[in-house]
Amino acid sequence: MTSQSHEPLNREQMAWRAAQDLKEGDYVNLGIGIPTLAASYVPPGREVIFHSENGILGMGPKPEPGKEDPYMVDAGKNLTTLVAGGCFVHHADAFLMIRGGHLDVSLLGAFEVSASGDLANWTTEDPAFPPGVGGAMDLAVGARAIRVIMEHTSKKGEPRILKACTYPLTAANCVKRIYTNLAVIDVTPKGLVVLEMIPGMTLEKLQALTEPPLQLAPDWKVLAPPVAPKARAA
Amino acid sequence: MTSQSHEPLNREQMAWRAAQDLKEGDYVNLGIGIPTLAASYVPPGREVIFHSENGILGMGPKPEPGKEDPYMVDAGKNLTTLVAGGCFVHHADAFLMIRGGHLDVSLLGAFEVSASGDLANWTTEDPAFPPGVGGAMDLAVGARAIRVIMEHTSKKGEPRILKACTYPLTAANCVKRIYTNLAVIDVTPKGLVVLEMIPGMTLEKLQALTEPPLQLAPDWKVLAPPVAPKARAA
Amino acid sequence: MIDKQVKTTADAVAGVRDGSTVLVAGFGAVGVPDILLDALHEQGARELTIVANNSGNGDYGLARLISSGRVAKVICSFPRSGDYSAFLHAYRAKSLELELLPQGTISERMRCHAAGLGGFFSPVSAGTKLGEGKETREIDGRLHVFEKPLKGDVALIKANKADRWGNLSYIKSARNFNPVMAMAADLTVVEVDQMVELGEMNPETIVTPSIFVDRVVVVGGKA
Amino acid sequence: MIDKQVKTTADAVAGVRDGSTVLVAGFGAVGVPDILLDALHEQGARELTIVANNSGNGDYGLARLISSGRVAKVICSFPRSGDYSAFLHAYRAKSLELELLPQGTISERMRCHAAGLGGFFSPVSAGTKLGEGKETREIDGRLHVFEKPLKGDVALIKANKADRWGNLSYIKSARNFNPVMAMAADLTVVEVDQMVELGEMNPETIVTPSIFVDRVVVVGGKA
């Protein structure tokens, strides 16, 4: 193991950790925000195929400077690329893939997740702004595995893993795994099971930051990403 | 008018007559049997685009000898061709076109048609053979205009235009126009209106071969196709 | 001879009536029929219902229609994209109505209409705020909501190439909503970069078959 | 490295269980996975439900499966096509069940499953003998029947080209049911004429994206 900090993970480290669970041959949709970063941290030599809701299967990394193509955008409307073997489909087919269970993994951001895997990630009901749902609800019901990346607590330090979500739901009982800046937690029929914690973290400390009860997996591991994860070459 | 016989129309003449009503730019599906022949009799210079349920839009005539392509079949599984501007779609898209009202005309064969436009063309309920429906029910509900080509009477001379169909329905209230070997008849909210009759035919004689009451259109015409309609060059 | 090409963008949007439902393709700024949207602004139709993924950007295209008060309602999945100030202003002023739909539900409802179907059950939004008021049904142990077909009076489409029959092809991710919206309207109007001869497009690779297209206008752009 | 190509047709159909629902593509004799059907015959699975447009021809492929008593049920639109004597014999002997569906309903029900939906209302067959026993609903003044999603345990597909990810292209009208069936099964197995390098297929013109494909076997044929 390389030198480790006891600090909570940063965004890149959270994305790196989630990327390690993507398997060779997986078809994966990455939500806007931290999930998008995960594409860069898939281990070298492992082929993972990324889906973009606007109609790309086989999305590649950001374009190199000077090679930008205005006809290539991702779900976040950022410029992107296509890998060899990728293709284009129309919007209804892109969402057929999402809703129909064809994706192996949907990696999403979240405001809150409940003990039973309820997901809230589409609206905070701010009355000053119109709500926007995008593909969040589609992504939350369709993939074979729904996984979430999020900070363990709010900016005020309040738990975001709750007995019941306080924000409107995106979908019920859908989240299977949560990657936070402190831990990796599985949502199981028997409750939340902690698989990994950062160095120095204890179940007691983690529980204090988490509303529903946590169990520690007997074979739990230290969550120790590289200090500065190396992004894959384009 | 060229020389005319007072005989009932033959298959080619019925197909010729139906073809005259296909307009420039119409998208048309031709049912198996006599309707298929209509493609050959579209007036020269008029562009009509033919649809085949297996996934061809822009189907052309039969291939010339020596130019057969085993990958090009029509709904009747006969060899066919593609015209310039034609394309291929998958089966669900081919039937989206049918069911979704995208075709201007569906020209079908029939066993029976009722006074209200009910169509029976898929089964005679022969217990010795399995029933087959193919695309008949889809074609009977979807096109903007459903038209039928059929012999006016059965082989025994019984009417096939009936008050109510005796065979199981393909769809109710769908047929708008009937081309027979004796007449052209529109199905209207006010009943069956005879638009054309072959030379020598009278409304009385036609009525005797037709179960529901017929009206003669004030501007009815003589139904007089060429003796041997000239097929369009491939 | 069939020729769906019209000469001007004004011809392309002629006849759009007040109160029409207009399907506007595109995702973000890609594959959006901006020139037709400007032509529609000139044309002057009012009280429009717009179906789109986003709610317009900057001061052109859909945003301009909104700023000019032509839009009564927007059906979209994500209004908050880019500089959506025109929409935001109208939304806060309550001068337009927003109907928010899950993104995949928008395209699936349009395909449903295109396919001549009467509606479908979807698990998306079942049990959520966006599913409230919709008929629900448990199917195979899973809650579904009933979704109705969504039809456009007009679809505004952006494609790359067209021929005189109206066959269309697109460039990369500019395909997005275009093929679905092209199928789902009574009148489908397309702005294209270029016309090609009939038969020049590969019949295996035409994305939108001509049957769905009514009018084509060349607006230049990428050759 | 992802490589969905398997070496033999036996590998391609390995693991198909008794009682499986098998989607068999093709229309007439075109685009039919005849070699995979023969391999499935060798493999020996029994009590199969076959979903296909027709019911097999001559003494090979689907007809051979039927003659050998492997087929418990056929879901199709038109069994009476070509030399369907194998089916006819079994039908008359009541050794298999026939479920007749309108042709478009077959592909739409498979697409419905592929799209993760719970069913749809269709006007096709409403008020007819084939609509009997189905839930009906009047929508916009028109009678509809409720149709459920139709899922395959296995789909047998015939394509022209594939790459190692499983992207597929077809030749002309041999496309037919193949792309829809490829989307609608738990296990999608493809016989292809040839493999090409990854990246060799035009990304604009791949008809079946790799996500729907599990196994590919080369059986030669048209280059």
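Labels for the chains are A, B, C and D, by order of writing; each one numbers its residues from 1.
The working rule: contacts are C-beta pairs under 8 Å (C-beta built on N, C-alpha and C of every residue); 3 or more make two chains touch, one makes a residue touch a chain.
Because the structure is predicted, anything quoted here is derived from the model rather than measured.
Of the two chain pairs examined here, A-C and A-D, it is A-C that is joined by more C-beta pairs in contact.
Centroids built from CA atoms put chain D at 30 Å from chain B.
Separating the centre of chain A from that of chain D, both taken as means of CA atoms, is a distance of 35 Å. Taking each chain's centre as the average of its CA atoms, chain A and chain B sit 57 Å apart.
Among the residues of chain C, those touching two or more other chains are numbered 108, 111, 115-117, 122-123, 170, 172, 203-204, 207. The multi-chain contact residues of chain A, meaning those touching 2 or more other chains, are 82, 88-89, 92, 95, 98-99, 141-142. Contacts between chains form some other arrangement here, matching none of path, ring, star or all-to-all.
According to the touch criterion at the top of this document, the contacting chain pairs are A-C, A-D, B-C, B-D, C-D. Across the interface of their complex, chain C is touched by residues 52-56, 69-73, 77, 82, 88-92, 95, 98-99, 123, 128-138, 141-142, 168-172 of chain A. By the touch criterion given at the top, residues 108, 112, 115-123, 137, 139-140, 142, 144, 169-170, 172, 202-205, 207 of chain D touch chain C in their complex. Put simply, chain D touches chain B in their complex at residues 27-30, 55, 77-82, 87-88, 91-92, 98, 100-105, 107-108, 110-111, 122-125, 127-130, 170-180, 207, 222.
Chain C contributes residues 1-2, 111, 113-117, 163-165, 167, 183, 198-199, 201, 203-204, 206, 209-212 to its touches with chain B in the complex. On the chain A side of its complex with chain D, the touching residues are 24-25, 27, 47, 49, 51, 57-58, 82, 84-89, 92, 95-103, 141-142.
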